[in-house]
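You will see chain A twice below: alongside chain B first, and alongside chain C after that.
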Partner chain A sequence: MAADLATVTPPVRPERRLRIRPGMGWPLGLLVAAVVYFIYAYLDRYFRGSIPSGLHNFGTDWLPIIKINEALVYVLAALGLNVVVGYAGLLDLGFVAFWAIGGYTAGWLMTDKISGLNFHFLTAKFTDDHKIVGIHISWWIVLIAAALVCALAGVLIGAPTLRLRSDYLALVTLGFGEIIPEAFYNGDNIAGHNLTNGTQGMQPLDYVRFFTFDKTGKLVWGDLDAFADISRFFIFCGLTALVIFASLRLRDGKLGRAWLAIREDELAASSMGVPLMRTKLSAYGIGAVAGGIAGAAFAVHVDAVLPDRFRFDISITLLAMVVLGGMGNVWGVTIGALVLAWTNSTALPNIQSSLDESGSANGVGIGLAVLGVLVLAAGIAWFVSARKGLIFIYLGVMIATIGILLRIKGPGLSFQFFVFGCVLLLMMLFRREGLIPEARTRLVLREPGRTEAEALGADMEAEAPELEALSDPIVHAAGTTPTGPTDRTTL
Partner chain B sequence: MTTSLNAPVSPVTGTAGPALQATDITVSFGGLVAVNRVSFTIPRGGIVSLIGPNGAGKTTFFNALTGLYQVAEGKVELDGRDITGMPAHKIAARGMARTFQNIRLFGLMTAEENVKVAMHQHLKSNVFSTILRTPWQRREEREAHDAALELLDFVGIGKTAGEYARNLSYGDQRRLEVARALALRPSVLLLDEPTAGMNPRESAIFTEFVHRVRDEKQVSVLLIEHDMSVVMRVSERITVLDRGEKIAEGGPDDIRANDRVIEAYLGKSGMENGR
Partner chain C sequence: MTTLPFIGSILAPQRTAARAQKILLYSSALLLCIGVAIWLVTAFIKNPTLFLTSTVVGLQNGALYALVALGYTLVYGIIELINFAHGDLFMLGTLFAAFITTSVFGVLSNGASVAGWFIFAVSLVACVAFCGSINVAIEFVAYRRLRRAPKLAPLITAVGMSFILLFIGLTWNGSQPLANWKSVLPQGAMFLGGVRIEYKAFFVIGITGPLLLLMTWIVTKTRTGKAMRAVAQDQDAARLMGVNVNRIISFTFALGGGLAGAAGLLYEQVIGTTVYNLGFQLGLIAFTAAVLGGIGSLTGAVLGGVLIGLIKALNEGVGLGQNWGETVVFTILILVMVFRPTGLLGSSLGEKV
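This part shows the complex of A and B:
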């Protein structure tokens, strides 16, 4: 047998290196990361002994599953916003509206707070067993409902606003992002009806029914209670994969091309038969679907729908995720959302609390202030001598400010958003195209277009004088419009 | 009026009558009348030109035909159907394709993608079939891909299919614009100063190209052109605009000899230098 094979195999030994199809790097990498984390989380929860205590402590501090789940919800919403901002190029400053609508859809269909109706459908065993009143529908169906409601809301919100041009559109979306959560906030007395339960929001939600683990870590089918983070992690990963998949497919299809065309040149797109309104609305609607899924996911993640959770800063954080990750690139946005959500929820608070605990805030503050001043000095020196290095002046001021604040305020200083802002600023200065940009975005930010560059110096009239005879005398009087350079290579 | 977006674009051999008939078109911006009661016909399968000095209203007229500007008065008929006041994308879908005076490609899309964008109205796949990538959608995409490559080959830039449009040379960008316009399967092709920025030799080659497009793609062509050598060689009929009004219409020889045209171009004092 072995001899047979030997004769068949070609003499050249195949390359041993693992070959990954181009474009498969990111999905495989993320899949591996998710699987590794899943295994870690499972072992850590049910077989604590198998995890070294150092790793356990690190995991609890730096990669707590609750924060990871929250980050995944952000990924879902950011991917939705990416369709609107990244693909179609429509600036949306109120995306939290869809997050809220998705959340409230879950609230309406999964709590006992609103309706006197008593309707159970495929809901959690706990809800059935305790005969809880109200509408109770399986979260899986709610997910679809939230997606549909948000798609509809996206179209309704979009229809009047999308006629506006970019900055006006941004302002109007900002308005909607404020109006909708505010409406939920105040919706407890609409003509005597309680529609949203006002400031108290709606909680608790029904459990999701899915595969989960019992106390011994055995896989069972049942309710996902407050401790079933690992199952939720699995579900959120699945949803993220689904949204990524859909985003990528749409990008490659007819609609994706139309979005890109609109982003590039609206007028030319419409002249090529792309219906502007319908195409923009579809971007809005499809983005809103992901936003709604994120909302429904967030609702079960925190086991509540609270109106004060849907703040403006979520819209801005989501936008920052899309821009920082790399507008239009699904993988960039995914990584950007994970990194930013994690930085915001875990890394910065951790750094802060460790500074507070160790009492080293003063020392670190002085250190940072000195470093900042040094960088500032270097920046000024460079700027004075060579008119360069302005960035170091910025940088120095930032570092020094953090340091001085730390020194003055000492422990308890909340510098999270300050650092966050600095990071954003630096990214925009040094890597505007985002962490993992779309190839085409990098192109436009890094080099001028060919005609742009060539138009700087080209003389088109001087070519081929012997052919001038062909042209009518009128030509010389009227002149042609010298809008571009001559191309000598093609003809 | 019942209109269907997906109405098949009638080929040249279909209905009789002119490909495009514009009657008494007036376009005004505020109180300023940019185009004043201009009537204009593109015969089926013809190549006609619209010329005039700078600011004569040529491009405005063009934009009115393609739905980018509102027509204040008058009527535009494409293949015998009234398209006055329709939005640009519907007019495009009805079979009126155009290029732009200053190239307006989708710079950060590949040449192939540029062409495929213009097939938007012909592709039937929707969100769900695109996400699921149904066999039907795959076939449609494959056909679109083949058709795009064919068009790029037709205009002579087949090798650049995978390049971003902004990286193409100027001449190739002009060609890509034509390929993109042809992807609409138009019955009328409007070319807005297609030889701007070309040298005489390139313009000469372009003239032949326009004939080839007309013959092989069975379109009627309307040119806006500054370059008289191109206009005289390529056009079967020429319409001259000056300050928003039609001042002459006829064959190249008539126009060449027309005093009002020469006056419009050269001014009265230039008369003795003209023909």
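This part shows the complex of A and C:
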């Protein structure tokens, strides 16, 4: 959508001084955010004196660079899942399999695991804890290898299963998401051969060779050791930008349009000559490529490949990221992944520990419970009087539940499952298209079912502002949010 | 296609390719079956006692899987939704069973007695009512408003609901498995030519069998069952015929939830331990059972449950071992999906256009 609009000349509005071409807002905004964070992290690491201590403490608590890097890895994987779920409309509940395959590819090619072979290529210099034996290949080549292996795995997994009905497919992918990590987990004894070191995993990995900073903060070409988070941040940002660019370009190309056609109506698409199997398989393979890149990136991020990191939770977290951000919209998925990963890794534990330290869990619990009851009461009143505001009833119950449990159980309880479940539930019930939706997804997901459309009869002939907004991109680009009678279908 | 010869001639190469693919599929399926049969026979000859003991354990677990699988198959049959939350509902059932037997009735030691039978009967009713009403509530809160939505939406909602139930279980029971719940069932085992058969196994099968018969009777013989089948076929036509569709769907969820509750009590009494994420694993196994038997078919769910129970127990006893349990189950699921997507007893499920 965004790239479509980029070709349209925006209306002349002389009163605005800063004019950004439509469709360029998100990339520019994210670029600025990344540059600002990069400068902050650099100054904080090497010129501590130039950063006010308040900002330093805030950054250490709420925006630690390790967590930001991890969030970027999640963005990479979520963008891959977005190709499968968001573009092609195939529900994949086992995406963690590709993450695992990418990670283990990096493990095999960058550690001393395969000690029978002795093969070095463009790799970093060895320190004491890196053994010389085994295959050691530059991470940049491993990245490509992991992507290729995952693409192959995606095609192999997809080929026999993609002709299934959509909900069966979800289950089969879930099965693969369980089998592959279990195979790695038990891989220390496959017919007597140790392939994966089992629970111990593989570590340490070779260093990545790239631009980095020496002790005084000077830019040098060298090895990225455990403290080179800033360089890794730069690399991960670059990879994310690459995957975003590829996603956007693919979406506008022939293949992307075929994906969208399949997502919206498989039968119609195949009648129009879209080869179903090949198109679905390519979605699977290309999604898997991003998953593999994420796996290889995660491996150097934690400097290890451990089997217990690849669990079903990660598949569901990735799905929640795609759904929350807005299926099919690259920017929405990026933001959704950043927000959810950050909430999960930083915000929730921080809130919990600050509640622990200050001992205010009781007070906050009571406050949340009261707030929840108030929201619930308002929601019920609105719903009874005007048949609207159902979301406030749900929200009120959820907030009150958190408050009461915080009061009873204390801050030791982890609310992660509850928050995730509620996010999925509320998004599906009230905003199926995601927080930052794509106009096209919104139309499809809000489309009433056939029988309902028939039952509505003449109502369907009424004006559809969303369709007009689509056919008149200038209005849409100027920021008019289409609203209209489609709300009817949600209540 | 035969009526349009010119299309037939255009498609001819593809048809032979399709036939070749079909032959390949069936021959590989046949090879697989022969391989499994040979493996079973050798395992039996090598150690018949272990084999038969595993079989008994498998039958006992299979009965439990069948109870949970019925919940999946009932819901899928009527609104075509994979109810991901069902396994977690079963987990809540085990927790509730533990709560009612230990906290309410104060069962603190093992062993059967007259009071024990009474406690068991009351707990069974309570668990069925508990899980049934939770399932109805879930349907009302989450799925009802998404009945007309694209399929992806209720599926993701079910995943979300499963997380909420997981959270309830975590809050209720903590993250550690709570073990050593006392059982009111008869303890001990009998030996039949060296094969150990626990009395509990008879009990599980003795409770499960009548429940399944009751279920079949409700669905095939009663007026409500007829309405259920009508709604499963065509909701709008059923509504035109005067069927209260919402109530029938709620009733179906109540039935499925009730069976999960019964399975929860049996699991708690027989296995004696549960953990908050038990439902995810067992739910997947049960769904695999439902798919293996043919989803939407009641007999199929029972058959699939027993088969999966047997396969899992044999794998743990004489096969690859517990480490590979999930791999074996999911490999079966994938093979069934590839070779026979309708399951063993399922009828053709053409995608509705």
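The rule we apply is simple: the second predicted complex is superposed on the first by the 390 of 491 C-alpha atoms of A that agree within 3 Å, B and C clash if a C-alpha of one lies under 4 Å from a C-alpha of the other, contacts with A are read in each partner's own complex, and residues count from 1 in each chain.
As a convention for this text, a residue touches a chain if its C-beta (ideal position, glycine included) is under 8 Å from a C-beta of that chain, and two chains touch if they have at least 3 such contacts.
Just so you know, these numbers come straight off a predicted model, no measurement behind them.
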{"item": "Partner chain in contact with A:L174 - chain B first, chain C second, else both or neither", "value": "second"}
{"item": "Partner chain(s) touched by A:L267 [first = chain B, second = chain C, both, neither]", "value": "both"}
{"item": "First (chain B), second (chain C), both or neither touched by A:Q203", "value": "neither"}
{"item": "Touched partner set for A:S360, first chain B, second chain C, both or neither", "value": "neither"}
{"item": "First (chain B), second (chain C), both or neither touched by A:L255", "value": "first"}
{"item": "Which of chain B and chain C A:S282 touches, first, second, both or neither", "value": "first"}
{"item": "First, second, both or neither for A:T343, with chain B first and chain C second", "value": "neither"}
{"item": "Touching partner for A:L405 - first (chain B), second (chain C), both, neither", "value": "second"}
{"item": "Residues of chain A contacting chain B in one complex and chain C in the other", "value": "267, 444, 449, 451, 489-490"}
{"item": "Interface residues, chain B side, partner chain A - complex", "value": "53-54, 66, 68, 87-90, 92-93, 97-98, 100-109, 113, 116-121, 123, 125, 127, 130-131, 133, 137, 141, 164, 166-173, 180-181, 183-184, 193, 195-202, 204-205, 226-229, 232, 256, 262, 265-266, 270, 273-275"}
{"item": "Residues of chain A touching chain B in the complex", "value": "245-246, 249-250, 252-258, 260-261, 264-265, 267-276, 282, 286, 440-441, 443-444, 449-451, 454, 460, 463-464, 467-468, 470-475, 477-487, 489-491"}
{"item": "Complex contacts: residues of chain C adjacent to chain A", "value": "80-82, 141-142, 145-146, 148-157, 159-164, 166-167, 170-171, 235-236, 280, 284, 287, 291, 323-324, 326-327, 330-331, 333-334, 337-338, 341, 349, 351, 353"}
{"item": "Interface residues, chain A side, partner chain C - complex", "value": "85, 89, 91, 93, 160-161, 164-168, 170-172, 174-176, 178-179, 182-183, 185-186, 267, 312, 316, 319, 323, 394, 405, 409, 413-415, 417-418, 420-425, 427-429, 432, 444-445, 447-449, 451-452, 489-490"}
